[in-house]
Amino acid sequence: MATLTPTISVKDPKLGHGGSGVHPPVSDGGDDGRGDNGSPDYGQRLRRARLGLLVIMVPITMLFVSFTSAYVFRQGLPTLDEHGTYVRDWLQVNLPVTLLLVNTLLLLVSSITVELARRQITLQVALAPVQSIPGVSIGSERNFPWLGSTVVLGFAFLAGQWMAWRQLADRGFYIATSASSSFVYLLTAAHAVHLAGGLMVLLYAGATSLLHKPVEARRIVVDVAAWYWHFMALLWIYIFALLEFMR
Amino acid sequence: MATGEVVHVHAAPQGFIRKYIFSLDHKVIGLQYYFLALTAVFVGMFLSLLMRIHMIWPTAVLPLVGEIKPETYLGLLTMHGTIMVFFVLTTAPQGGFGNYFLPIQIGAPDMAFPVLNMLSFWTTFVAFVVLLAAFFVSGGPPLHGWTGYAPLSALTNSGPGEQLGADLWITSIAIFCIASLMGALNFITTTLDLRAKGMSMMRMPLTCWAWFITAILGLLAFGVLLSAGILLLLDRNLGTSFYVPLVVVNGQVMGHKGGSPLLWQHLFWFFGHPEVYIAILPGMGVASQLVSTFSRKPIFGYKAMVYALMAIGFLGFMVWGHHMFMSGMSPYSAFAFSLMTMAIGVPSAIKTFNWLGTLHKGRIRLQTPMLYAIGFVSLFVSGGLSGPFLAQPVLDIPLHDTAFVVGHFHLIMGVAAIFGMFAGTYYWFPKMFGRMMNETWGKVHFFITLAGTYSIFMPMHYLGMAGQPRRYSQFTELAYLQHLIPLNRFITYAAIITIGAQFIFVINLFWSMFKGPKASDNPWEATTLEWTTATPPPHDNFGGHTPVVNHGPYEYSVPGAPRDYVMQTDPASVKTH
Amino acid sequence: MGLALLAIIWLITFVSTYFFAAKTWWLPHGASTSAQWIDHQFAITYLLMGVVFVAAQGALGLFVWQYRDQGKAAKADYSHGNIKLEVIWTTLTAALFIGLNLMGSPIWAAERFEPAQAGSVPVEVTGMQFAWYFRYAGPDGKFGATAPKLMDPSAGSEAAIGLDTSDPASKDDVVTGTMYLPVNRQVDLTLRAVDVIHSFFIPSMRFKQDAVPGLAIHMHFTPVEVGDYEIACAELCGLGHYKMHGMLKVVSQEDFDKWLAAREAEKQ
């Protein structure tokens, strides 16, 4: 097999096995998240993580689009009853609106706190090189625990959703009572599960600060979790609006 | 360009567990997926063998298995379809070859998210174990077919296997959805963000395009399947009525009311149709790659091939209703779905013309990988041309739910897609294992398998036209089916021989891994990036350097070039267009 | 190797095409008004697809032999494609596929867009695990009420479909396990299913329609030849799916009236 002579001289890379074929030319800067001097390229990693989040938001959206189309389809569907006549058996659910509004408020406030946490750590990353200069202080070291607040609010929201389910049950709407009540539990539970996942990530982000991981790495986790959290808030508003206005 | 600069190499893992079990290396993970699929395909083939034997000899008592009762037959059928569609066709082409070769072909050291990649394999593995568990629980595996139509799948007393077996089936599929979504995330992010310098999207090999678009299809479709499965689990276990209206089973009024069986079909097929494109697209990518390489010619119409892949992917989401022409769905929507279905035949035809155009005036090397690629094209034509029959609602009236459909989808998914996997195996084996597979036995395997699979699935079209319904465990009850039994017997014999021939492949595979002749770095004289690196590739794929790409992926027989192939990393001074 | 490949591809093509052309195993004899139209559309489709099949497989086999590497020094043709050719064959393919579809649409419209004509025979078909029942409305032309809680398959046909005998309209309803139809008269079918999805398939009538629980689906067809025609279930419905069959007997109008009168008399 003919070998093409490279027109540039290449420093022979250390390969583990026979390198008798054509060697790839050298390039500057790898694409493995590392920069010129071998240290991790956090900017690139952040972009990649955000791209990953954007991608994962698609199937989550599809899940709820699918539930929504099932909801709309079912709402308008006539079915044969025991006498053989077509009836529409959609029952309007008596939602505990006040409680749900409180929960919505909690979630919106948590969106604000997580956004502040995201900006807080972004600032920390920007100032990290400065802070490593001996004798330099950037002022008040007491940072408000925005991340912790978000976690607390997140748990409060989940507790509030649990209370809402109990209220629904007290009003006689269980999961199998009617198609409409089934969808109420389905949509709110599916959202709660996804929110809980986000909550776990936030807890992890908080934990890693205790484990003294580099702030740039932690920033990526908080950044992505924060955007995810906003997505969860928007999703909740959508679900609430669907259940309340398309009863 | 700087010279002599070495990029930091990730430390290779030490220890058996980190290297082979919980590896983060996409190459190891790719092989794990591949061997999972290889195991699954043998399980699936064994099930189909039992099915074919039962259809011809319904009262036979088989060694080890015993007597196959009608409900056992349907359980075998359900598991056969589920295992093959999910754990073979959605696993090996994408998770196997895609995982191994996407990063290398785009010049990346690994996937974007290696930990997620490792998790996606193990989640798939768990899904497989959960599915197989259905064989061992009381009642056995479900009998509702891989399509799981409600209310049959939603009622726990509609038949044997519809209790725990059905719940395990749904759970396995739900876990599989999560695993696939994790994989799709990795493939998309990697393709968009990790391409080496000079590797523009329009310089990517068609295999990479196929894996990328397949991942997008999966991203959009698996969420819907997950939603369908959740609703089914709720109907079965919590008494909801998403899918079940007022029904009476064996004189007993069930507690459901108002649900819609058609809802399940809409949700399932919204996933199910893109799923079959997920199964075939990677094979099309491999076919394009091999037809070009072994014809020593650029692929005919690279851009058209890319746009055709995109068109197939996009249109694939608009045709799901063609599975529902007889379902009670509005005849007007049937007409709309039918038009879209005919439309999707157009990009598929373009691809076929372009493969033929690539072969035309080529210098074709008929080594085993190429034989399988040619076989793929032939099978794709055969399986594809029965589509326009089924796509017309009026012709679907006699053909729906008959053996005609079974022949159609087996030729495309059960054979063409499998040939894509064989082609990929024989082609990439040297790069993965450093040795060549045996050419002679490869050719023997090819000829028997091509003749054998045509013998099994082409006759099914005749059976379907004659009115033989599908999913019948035996043909003893209807007079008009009796004259079809000899042809069914022929199919069974062909199946026995063809399944036997697959052992030639497996023996060749494993023997060659250890005893095959050593392979050079580029035994097929191909142009894409995996052939520029060592065999097998080092841990970070390129030995500390990142490739720089100067050429497109199919620069064969370039006039004025020193050899009949120009590698993608060859200097820019070599003129290609 | 090239010759072997050409041979096997051409052989497979020839054998497949032969059995299609020879109609060794074919659609059963058609005995309804729609059969001639459906069979005609079928014939056009399979002719056109057959031509494409032979041409494509033929070209494939030919090219792999004709352009095989024979060790000569000449390189292959360096071409990235031909846009004009692409446009031509794309347009032709689109015209072929869409044209075929539009040709078949009037038949679909006639079968499915329009309800049954006046004067058609109303028959209700009920599918359940694992039998078909047929109900005739009797002289009053009305189907009586049925109730799910009255369904008892072990107590005869009327009980199987849950006929509510307290409803006056039920008094003259005839429920049988065999379907009788008068020749040359359209039947107005109402398809129902009691437990899971079944599919009512009469190959000779070129008729198929799923019977779905929760729905009462109206369909029609017109038998044109006297005879006995088997009915199969064409949607997986459980372990008895393969033996859920029935029989359609198409008889003269006279014989049909006599048969129905005899069934009515039995009810007294």
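Should a chain be cited, it is by its letter among A, B and C, assigned in written order, with residues numbered from 1 in that chain.
Operating definition for what follows: a contact is a pair of C-beta atoms (placed from the backbone, for glycine too) under 8 Å apart; a residue touches a chain by one contact, two chains touch by 3 or more.
Being a predicted model, the structure only gives us computed values, none of them experimental.
Ranking B-C and A-B by contacting C-beta pairs places B-C first.
Seen from the C-alpha centroid of subunit A, the farthest chain centroid is that of C. Taking the mean of all protein Cα atoms as the centre, the chain whose own Cα mean lies nearest is B.
Subunit A and subunit C have centres, each the mean of its CA atoms, that are 49 Å apart.
One finds 30 Å separating the Cα centroids of subunit B and subunit C.
Inter-chain centre distance (subunit A to subunit B, centres taken as mean C-alpha positions): 31 Å. Subunit A has residues 79-80, 82 in contact with two or more other chains. Multi-chain contact residues of subunit C (touching two or more other chains) are listed as 148-149, 214-215. Residue positions of subunit B with contacts to 2 or more other chains are 245-246, 258-260.
Put simply, subunit A touches subunit B in their complex at residues 1-2, 4, 6-11, 13-32, 34, 36, 38, 47-48, 51-52, 55-56, 58-63, 65-67, 69-70, 73-74, 77, 79-82, 89, 175-176, 178-179, 182, 186, 190. By the touch criterion given at the top, residues 69-71, 74, 143-145, 149, 151-152, 155, 158-160, 244-251, 253, 258-262, 295-304, 326-328, 331-332, 334-335, 338-339, 342-343, 345-346, 349-350, 352-354, 356-357, 359-366, 371, 374, 377-378, 381-382, 385-386, 388-389, 391-395, 397-398, 400-402, 443, 447, 450-451, 454, 458-459, 461-463, 465-467, 469, 471-475, 477-480, 483-484, 487, 556-559, 564, 577 of subunit B touch subunit C in their complex. Residues 1-2, 4-5, 8-9, 12, 16, 19-20, 24-28, 37-38, 41-42, 45-46, 49, 52-53, 56-57, 59-60, 63-64, 67-69, 74-83, 85-86, 89-90, 93-94, 97-98, 100-101, 104-105, 107-109, 111-113, 128-129, 148-149, 151-154, 162, 194-197, 199, 201, 203, 206-210, 212-215, 217, 230, 232-243, 245 of subunit C are the ones touching subunit B in the complex. Within the complex formed with subunit C, the residues of subunit A that make contact are 79-80, 82-84, 86.
Contacts from subunit B toward subunit A in the complex involve residues 1-8, 10, 107-110, 112-113, 181, 184-185, 188-189, 192-197, 219-224, 226-228, 230-231, 234, 238-242, 245-246, 257-260, 263, 266-267, 270, 434, 520-522, 525, 529, 531-536, 538, 540, 542-548, 562-563, 567, 569-571, 573.
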